[in-house]
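What follows is a pair of complexes built around chain A, which joins chain B in one and chain C in the other.
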Partner chain A sequence: MMAIIEAHDITKFYGNLRVLHDVDLSVGKGEILALIGPSGSGKSTLLRVLDLIEPANGGEISVFGIDVVQERGRWLDLRRRMGMLFQRPIVFNASVYDNVAMGLRYRGASGEDIERKVKEALEAVGLSRYIKSKATDLSGGEQQRVALSRVLVTDPEILFLDEPTANLDPTSTATIERIVTGLNREAGMTVLISTHDLSQGQRLAHRIAVMIDGTIAQTGPSREVFREPKDRRIARFVGAENIIPARVVSRSNGFTIVEAHGRQMLSATPPPAEEVEMVARGEDISLHRREPEHEEAENRFPATVTRIEPTAPFVNVTVHCGCDLVALVTARRAEALGLREGMEVWVSLQAKAVHLIRR
Partner chain B sequence: MVNENPIIEGFIEAIELIVTLDPQVVEITIRSLYVSLTATFFAALIALPLGALIYFYEFRGKHAVVSTLQTLYALPTVIVGLLMFLLLSNIGPFGFLRLLYTPGGMIVTQTILIIPLLMGLTVSALSGIDRDKRYTITALGASRLQTIMTIIAEARFAVMAGVLLGFGRAIAEVGTVMIVGGNIRGATRVLTTAIALNTSMANYSLSIALGIILLAVALGVNITLSLVQRR
Partner chain C sequence: MPIAPPSREEHGLHTDMKTRVISGDLLRGGREASLTRWKKHRGRYVDWCIVGFCIMGAALVGITVLALASMATAELGNPAHLLEVALSSEVIHSILLTFAAGANAVLLLALFGTPLAYVLARAHPSRFKGVVESIVDIPLILPHTVAGLLVYLLFMRRGWLGAPLSGIGLAFEDAYPGTVVAMLFVASPFYVNTMREGFEKVPVHLENVARTLGAGTFTTFRTVTLPLSLRHMYNGAIFAWGRAIGEFAGVIMIAYYPFIISTLIYYSFTTDGIQTSRSIAFTVILVSLGVFYLLRRMTRCLGRHDDRV
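So, the complex of A and B:
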């Protein structure tokens, strides 16, 4: 896959505040890349730097194969081949029609061209009936759809979405996601979306980049980022419920044996160090009433339920087995097991689901 | 019943003066509107582009310029009147223009009086366009000139509100028109100076009539202002 955006060693300061540092990122043509990370980690700034809205203070960036640090004079032309949708719905104090027409007018499109494209675009987002309305009178979700069609009428080759659905109702969110994935599939549009909604990232993206404290900490397919986080901060951010300090005991048959609070466990990860942390996701831990016999999981041991915490549609169950483990079970499963505090259960967990990171 | 209260009497007479379109009242009102509207027009012509220039261009001392403008909002009108009197009088550099004690001189003076206000309000109207909107304009592929035009168009209602405030200040002030205009009957007498004079002459009914008109104008400005701001 050809890289349409190539960024290397990007830094960005606001005054003395370092917002981005050592950012390396490559985005393939036709790819959907999700930039996930906590608020304030620099996602929005990175998108603005890549969309050429503001310059970086250092590093190399090429967009469409053009070195943009050298070629400042071409920024406007390059920017006109890209588009960006922001977190807060932005509409201008004018009719919906005039709002959507803005980008085309900047590009000097002809009147009939503008009219045809604007009508098509509003049709696509289901807002045709508001064409003459004042954009500021619409609801937040409708305004965001106006903003999206304003970007899409310009046929961007790269679309940047900065937390586009953070403040929206589920229907507007679904509409926007459907349009974006559709354009990616049919028109091969490259999409960079920043989000703190992990499930949105997983749902839409071919690849995920985790941004933490102004730099990209890990990139990879979503499965990899979620199951095999590189370090503790990433593990935390991607929502691993169990991050437990442990020590590597030995290695056999491709498994690493680790020990945490007297409990030995098998992991499929090669040992990254002597002192490690076990990372396990709650949904990978199964609970049973009695010892499971036909279970494929390598780790099986008895434990005591110490805490039950409903967080619909799941129940967080903390069990004690030397160390504390949090398992995520469905409400129905919790009921079937008859879970209550103090109860003895069996825990099973695949070695693949026990990921090891350096402590 | 005989009513001896001069205030109530004056009030009733004032209503009569307005309703019957007393020539003196009409003449003063029209002159007042003419002077202040013309001054506002010229001030806007000068201040709006200058305000935009200050907002869009980065230069050293920009912050100081904006603070100075804001200080000048509250400039005492008599000081401006005195300054303009000195400049326009026979001993001043612009005496040859023969503008002292003419409506033309009053227009020039009020124009100068409200220019800082209009400039300052233009800068803040344009600053009211938030960062995300400016990012959006850039991201949509606007050139430098297109960006400026879009921001001005977006701030149009706030700019208009500033112009209205400038007109309000011009028509309601008494200091400069008294000093530069001289309050000459039939020539430079406007609402505010006429009220001041007639009140001191115990001619309450005319003062009250002109006061009601001035209030009505101020109210009209405020209503328009709130309509504009609601946009």
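So, the complex of A and C:
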């Protein structure tokens, strides 16, 4: 896949505050890349830097194969091939038509062209009936759809979405996600979306980049980022419920045997060090009334339920088996098992769901 | 004493605005309803703090009112003389000249001060920015005579700027350009600071939206930032114009002639005596109040300040 954005070693300061450092990122043409990370980790700043709204303080960036650090004079032209949607719906106090027409007017498009394209774009976001309304009179979700059509009307080759649905109702969120994935599939539009909604990242993206403390900590397919986080901070951010200190005991048959609080477990990860941390997602841990068959999983052991915490539609069940493990069980399954505190259960956990990281 | 009229006028402008804001908040929405409510609760609670503040404020406002009243009774007692002075070509010409020179100064300010205000509003805090801001404010803190002297020394026939400009036929001493440049100097901080405040209120966010949609820096400024700051621009222009037409000491140093209105009043005060100068002053008060009232009214049709961000 050809890289449409190539960034290397980017640094960005606001005064003395370092917001970005050592950022390396490559985005392929036609790819949807989700930038996930906690608030304040620099996602929005990185998007602004890549969209050429703000210059970086250091590093190399090339967009469309053009070195933008060298070619400052071409920023406006390059920016006109990209588009950005911001977190807060921003519309100008004018008609919806005028709002959507802005980008075309800046490009000096002809009147007929503008009218045709604006109508098409509003059709696409389902707001045709508001074409003459004042944009500021619309609801937040509708305003964001106006903002989206305002970007799309300019036919961007790269679309930046800066937490586009953070403040929106589920319907508007779904509409925007549908349009964006549709454009990516049909027009091959490259999309960079920043979000702190993990499930949105998983849902939309071909690839995920985790941003923590101003730098990109890990990139990869979502399965990899979520199941095999590189370190503790990433594991925490991607919502791994169990991060347990352990020690490597031995290696056999391609499995690593680790011991945590006297409980031995098999992991499919090669040992990164002697002292490790075991990372396991709650949904990978299954609970049973009786001892499960050995095909079920490599790790099977009895445990005691110590805590049950409903977080609809799931139930967080803490079991004690030497170490404490948190399992994520559907409410229905919890009911079927008749879970209650103090109850004896069997736990099963596949070796490949036990990921090891350096402590 | 002769410097008093301009500064009093300025005060008039400020208090006029403030009282309008306050009275608008307190008295709107049924004066009668609040009166009956007040009667019902009369004597129960008096906020002596506010009463004290009102009395102190009244003393201040009272001075302006008394001064106006004393002048008005004298003038309205002899309307024939007032009319004669007010309609004399000398006075009319001088008023028009003052207003025109002020407007001219404001136009130049809008042209050069707007870009400066934008740069100051968007620049990150730095020592250099602080220095520039202080320079902009210099005319505010200087005695007007000092300002006048500064302008004179720079623009006089042998001055650093006056000499080359007189070479191309632009004379400042005792000429209209001299009046304009003196007014420009003393009025500039009023315009630049108000305009800058306006630009600061336009969120960078909005500019970013325009830029991501493909607008260059100037297009963004022209289509987003400036339209959203129109109200501040207008207010700044009014402040600056009010300051400019009230100037006396700053102007006479370089351009005693042609007589602007403050010079004319001072001149007739020292030659014809109190009666004529008082009539001119009263005329100026009436005209200025009228003009400022109109300008204020026009503000209401301006600005897109309700932009959602």
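Keep this in mind: the second predicted complex is superposed on the first by the 357 of 359 C-alpha atoms of A that agree within 3 Å, B and C clash if a C-alpha of one lies under 4 Å from a C-alpha of the other, contacts with A are read in each partner's own complex, and residues count from 1 in each chain.
We take it that contacts are C-beta pairs under 8 Å (C-beta built on N, C-alpha and C of every residue); 3 or more make two chains touch, one makes a residue touch a chain.
Keep in mind that what you see is a predicted model, and the values were worked out from it rather than measured.
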Three-chain arrangement built on chain A, chain B and chain C clash or fit: clash
Touching partner for A:T45 - first (chain B), second (chain C), both, neither: neither
Chain B versus chain C as contact partner of A:Q218, first or second or both or neither: neither
Touching partner for A:T190 - first (chain B), second (chain C), both, neither: neither
First, second, both or neither for A:I53, with chain B first and chain C second: both
Touched partner set for A:T256, first chain B, second chain C, both or neither: neither
First, second, both or neither for A:S62, with chain B first and chain C second: neither
First (chain B), second (chain C), both or neither touched by A:R80: both
Stretch of chain C, among 27-35, 45-53, 81-89 or 153-161, that runs into chain B once the two complexes are superposed: 81-89
Chain B/chain C common contact set on chain A: 48, 51, 53, 76, 79-80, 82-84, 86, 88, 90, 92-93, 102-103, 106-107, 147, 150-151, 154, 160
Chain A partner contacts - residues on chain B that touch it in the complex: 132-133, 135-143, 146, 150, 153-154, 156-157, 231
Complex interface listing, chain A residues touching chain B: 48, 51, 53, 76, 79-80, 82-84, 86, 88, 90, 92-94, 102-103, 106-107, 147, 150-151, 154, 160
Residues of chain C defined as touching chain A within the complex: 124, 205-206, 208-216, 219, 223-224, 304, 306-309
Sites on chain A touched by chain C in the complex: 15, 48, 51, 53, 76, 79-80, 82-84, 86, 88-93, 102-103, 106-107, 136, 143, 147, 150-151, 154, 160
